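Note that subunit A is present in both complexes that follow, paired respectively with subunit B and with subunit C.
And now, the complex of A and B:
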């Protein structure tokens, strides 16, 4: 069955605007849309898996119409965003407000859009959709901290968006094109300085969403303030979409030794900063937020090793993304009560932590393993030692976190079940050869 | 056949999660026999024929785009026999030890499964993968006891161990472009030497070698005894298995000697081992908590193995393997015996116990036998092992190592005596306890058997070891079933045994021929005085047992090694709290960061 990949964006986007008309049944409507979208994302993933990259042009020819370019990583991310989004929605079932459901769908649609679009301007639009929906979702908890976080997020986010737009404008002024692959093919024609300036603008703008150091000031406050379900959504949705956008930027549009090097050291700085800041953090949600920053640094390091270690660094990034998306969202759900009372929550919490620390056979292990092999094939011993160092710190604070989560208090089923299911993904993706096979084919448009 | 064994192990792990405690114990017991069955089947490599199912000797499994190479070698066989003998006994012991099934059996089986994988691994990824699986399964077994310090310290040190090992793997991989042991060629250059040293340190963490041992006393004293029996008996041996693998099966020790012309890391390893034995022994006899005492004793006894590996001669390695073999059994028995005593009395402090032997005579006898082996009293196999090590050190002219080892050997008597006297003999403080449950006794008895057998037939133990060593190209020591011959002397176990019995018979006859009375413990303690004034003071023989020695020694061992690690922890805490200040909470600051970031990236790309 051929599914038009555009439905992945179109369905949730249109339904989000439909929701105000059907306020009474908005919850069930959202559930069915999320389920439908999950099924579509699985179908798209299979199509990419079997046939390779999908290019799709909708309505008009670019730049007017929507141009989609779905490679294996975007298909995987679309799956993660939609399926995890549907699972995670269970934890927010108590929300009655139709506005919340609308924003949730918008966030999902926007994140999916970022990963499957092949047009740099559309990417910006989807960034805006995601960001605006996320600000509001964070604030939807209506506590003081949530609003504070949302405002910080909004200020930095809009700053970031401006930079993205400026970067795009610079590229467009030179290339007269917005198609990512078109730009990539002719990038050598671009004025050297303008090329780098536009790269810097884009990296800064997207980096705000991707939680890179030092653009991530909003992260701890937002994750602390947001409700568990939304923190979980942010950890697998927008942030993963943004890091994927950076990967496209880095590997497809601006591939060069300099950009890889910059990305590598930003990644290392982000990793160290996140892990060291998390080390002494006592508030569980803030600790998880800092830990997220660290993991995003790790993913960026994986993406930056493509020059020599591409054989390993791409599988590494796949596994790290899967591991982080599933484990961190599961832990954010756990942070609702922070006590692992029932067997199900124990299973979920421990699996998630083990995957993040990198224990086999979970996805996190393969991620770190391939990352190390990739770094070793570039002989980056210093980077490897720094990753070890951060890994030991990570082990220390996660051990403390696990100890603190011992308790008899039971979480509601609406949190416990999604949590266990999300954690299972890091187990399943670690055991099945599926991800590795995905990672070894036609990545990011044939790099 | 091997795949069926692996599948059954995995299935049993799943099942034991969900069944009741009795059934889980029974399933776990029978499943834990499987690796032993496989090993006995593979014993045909040694010319023995116990059973033959024809289990294949090698197998490749493909997961996640990677092939795991598994095969049995004589070295793994030897370590396997030692480690997998422990598991059925531990499961048997746990049958009465636990009153509910809360995760002990599945994770213990997982530890067994991953130990099996570690021993069969024929490439570095498989080794590392199973090594990590063992780390986290044992981590969960520690975590379920809900002790904060043990949880953190074990996970941190496991991670440290893992990273040291993987660093070595990466260095070797970048040299050879292969992960298979058979395709690794070691050449004497800096990368290889760093890799070998890094790996040895990684394995030394699990082997509890000083100064990487600090997790062991904490974890041993805060976990359940059946699990600690595995930790001390089995897991530490896996650490030495790894060291052996990279030092002798792959000729790492030789490469290091070639690369360093003066002092090679091998020598340093021997010195560290000897110091570990010496220091841990002294700390051990100052402990009042029996678990801590046994933990330090473990660290000390394991130090001897490191000495053997460091010296690296034929004698030394045989001695090291022999010591490892003995240690696996006697330390497991002692921990189980401590568990049995605690199960009945609920006490861990030596100064609160006493007189247990009168009520638990079988436990006492079994513990006594292992204490003999531990203290290396002649005729026990413990003596044979240490004798080989002493001789190796003397022959290699390690004038620093040999005397230290000897002193540590004497020290072992001191703490063994503290256990014997303080826990089992002395005043009868526990009039109303019973002998340990039958399953516990059976478990301890099974484990004490090898010690009895190898008292009389040290040759059998050497037979097994010489096969394991031939794999690494080391000739075996000349021996017969009863006698070990070395260039300095020959040791005949049966002759020593007969002499000992011959000497004991007259002593026994003299003892029997004279009338005697049993001197009450208090008579002895108070030199016949009747305590009138101090009637109510608590008189416990094992209280402040070695106080004079302690007073002298204690200042030298303070601050303990753990304090240095705590210092690092505190330093990191300060670093963390300082760096965290970057996140000021003010959006304008964050906006400035964004601007700085933008300009830095731009500047870097345009001007560099």
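And now, the complex of A and C:
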């Protein structure tokens, strides 16, 4: 069966605006839409697996019409966002407000849009949809910390989106086009100075959402303030979509040794800052937030190795994204009570932690394995040492975390089941052979 | 370069710098959000200026004119304005909530590690 990829965006977007009309059954409606969308995202993933890259054109032919471009990484990310979104929704079932359901669907639609669009302005629009929905979701907890976190997030987020728009304007002024692949083909015609300025604007703007150093001041406050279900949504949705947008920017639009080098060192700085700060935390949610920052740095390092280590770079980022999305969202759900009493929560928590540390055969191990191979093929010994060093810090604070949180108290079933299912993904993706084959398809912009 | 375009780019630069200065130096949250919308206006003006053609008319079919300004940036600006309005509305809601919790709009906290 052929599924049009545009449905992945259109269905949740339209149903989000239908929800005010059917307030009484909004919860069940949201559940069915999320389930439908997860099935579609699985079908799209299989289609990409069989056929390679999918291009989809709506209404007009490019460069005028709306244009979708789906490669292996974006199909995987669409799957993660939609399936995890559906599973994670179980933990927020207590929310009765129809506004919450509407915002949840908008956040899912927006993050899916960022990863599958092939048009740079649509990317900006989806960024805004995601960002506005997540500001409101963070503030929906109504505590003082949540509001403060949301305001911080909003100030940096709006500054970031202004920068993104500025970068897009500069690119448009030179290329008279917004289609990513059209721009990529003619990028050498662009004025060298304007090219660098627009790269800087776009990297800064998207870097706010992607939690890159030094634009991540909002991260700990937001994750600490937001309710556990929303913290989990933010860790697998918007931030992953944003890091993928950076990959498109880096690998498709501005491929050059200098941009890779800039991304590499920003990634290393983000990694070290995140892991060291996580080690110093006393609050579990803040620790997980800083650890998230560190993992985002790791993913950015994986993307930046693309010039020499192309054979390893894409698989590394693939597995790191899966591992981080599943493990971190599961740990954020666990942080609701932070007590691993039942066998189910123990299984979920320990699997997630082992995957983040990088134990075979979990997805996190394959991510770090390919990352080391890629860094070795570029002869970046210093980077390898720094990644090892940060891995040791990570193992230390996660050991402390496990030690403190294993206890007798039990969590509610609405948190325990989704977290166990979410961390099973890092086990499953580490074991399934077809995932390995898919990770090795080099589809990202035909590189 | 045409004088109108020069003046317009100059305005863009000053709007962006004023906005960025406000975001970075003010502690009052309302002033920060005002600065953000000033920056937004600057970027919108930038987009309009990119599409501007000296002597061009509105991009609507008209037998009397041959030169039209680029219509795409205008469509983009329209979208950007709508987004800006919704962000500002949400920001004001959050500020009301913040004020009802803290009794002030001054932001006291700093970066906490």
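Note that the second predicted complex is superposed on the first by the 441 of 447 C-alpha atoms of A that agree within 3 Å, B and C clash if a C-alpha of one lies under 4 Å from a C-alpha of the other, contacts with A are read in each partner's own complex, and residues count from 1 in each chain.
Operating definition for what follows: a residue touches a chain if its C-beta (ideal position, glycine included) is under 8 Å from a C-beta of that chain, and two chains touch if they have at least 3 such contacts.
In this text, all values refer to a predicted model and were calculated from it rather than measured experimentally.
In the superposition on chain A, contact of A:132 is made with subunit C only, not with subunit B. Residue contacts after overlaying the shared chain place A:365 against subunit B, while subunit C stays out of touching range. Contacts of A:144 after superposition: subunit C is touched, whereas subunit B is not reached. By the touch criterion defined above, A:173 lies against subunit C but remains apart from subunit B after alignment on the C-alpha atoms of chain A.
Using the contact criterion defined above for the overlaid structures, shared-chain residue A:419 touches neither subunit B nor subunit C, since it reaches no partner.
In the superposed three-chain model, the partner touching more residues of subunit A is B, compared with the other of subunit B and subunit C.
When the two complexes are overlaid on their common chain A, residue A:325 makes contact with neither subunit B nor subunit C. Look at A:280: by the touch rule set out above, it reaches both subunit B and subunit C. By the touch criterion defined above, A:34 lies against neither subunit B nor subunit C after alignment on the C-alpha atoms of chain A. By the touch criterion defined above, A:217 lies against subunit B and subunit C together after alignment on the C-alpha atoms of chain A. Common to the subunit B and subunit C interfaces on subunit A are residues 151, 155, 159, 217, 220-221, 277, 280.
Across the complex, subunit A is touched by residues 62-66, 125, 129-130, 132-133, 135-136, 140, 143, 146, 148, 151-152, 154-156, 158-160, 163, 166-167, 170-171, 173-174, 569, 572-573, 575-577, 579-580, 582-585, 587, 589-591, 593-594, 596-598, 601-602, 604-606, 608 of subunit B.
Within the complex formed with subunit C, the residues of subunit A that make contact are 121, 125, 128, 132, 135-136, 139, 142, 144, 147-148, 150-151, 154-155, 158-159, 161-162, 165-166, 168-169, 172-173, 176, 178, 217, 220-221, 277, 280. Against subunit B, the residues of subunit A that register as touching in their complex are 151-152, 155-156, 159-160, 163, 193, 196-197, 199-201, 203-204, 207-208, 214-215, 217-218, 220-221, 258-259, 262, 273, 276-281, 315, 350, 354, 357-361, 365-366, 369, 372-373, 375-377, 379, 384-385, 388, 391-396, 398-400, 402-403, 406, 430-433, 435-437, 440.
The touching residues of subunit C, when paired with subunit A in their complex, are 16, 19, 23, 29, 32-33, 36, 39-40, 43, 46-47, 50, 70, 72-73, 76, 79-80, 83, 86-87, 90-91, 94-95, 97-98, 101-102, 107, 109, 111-113.
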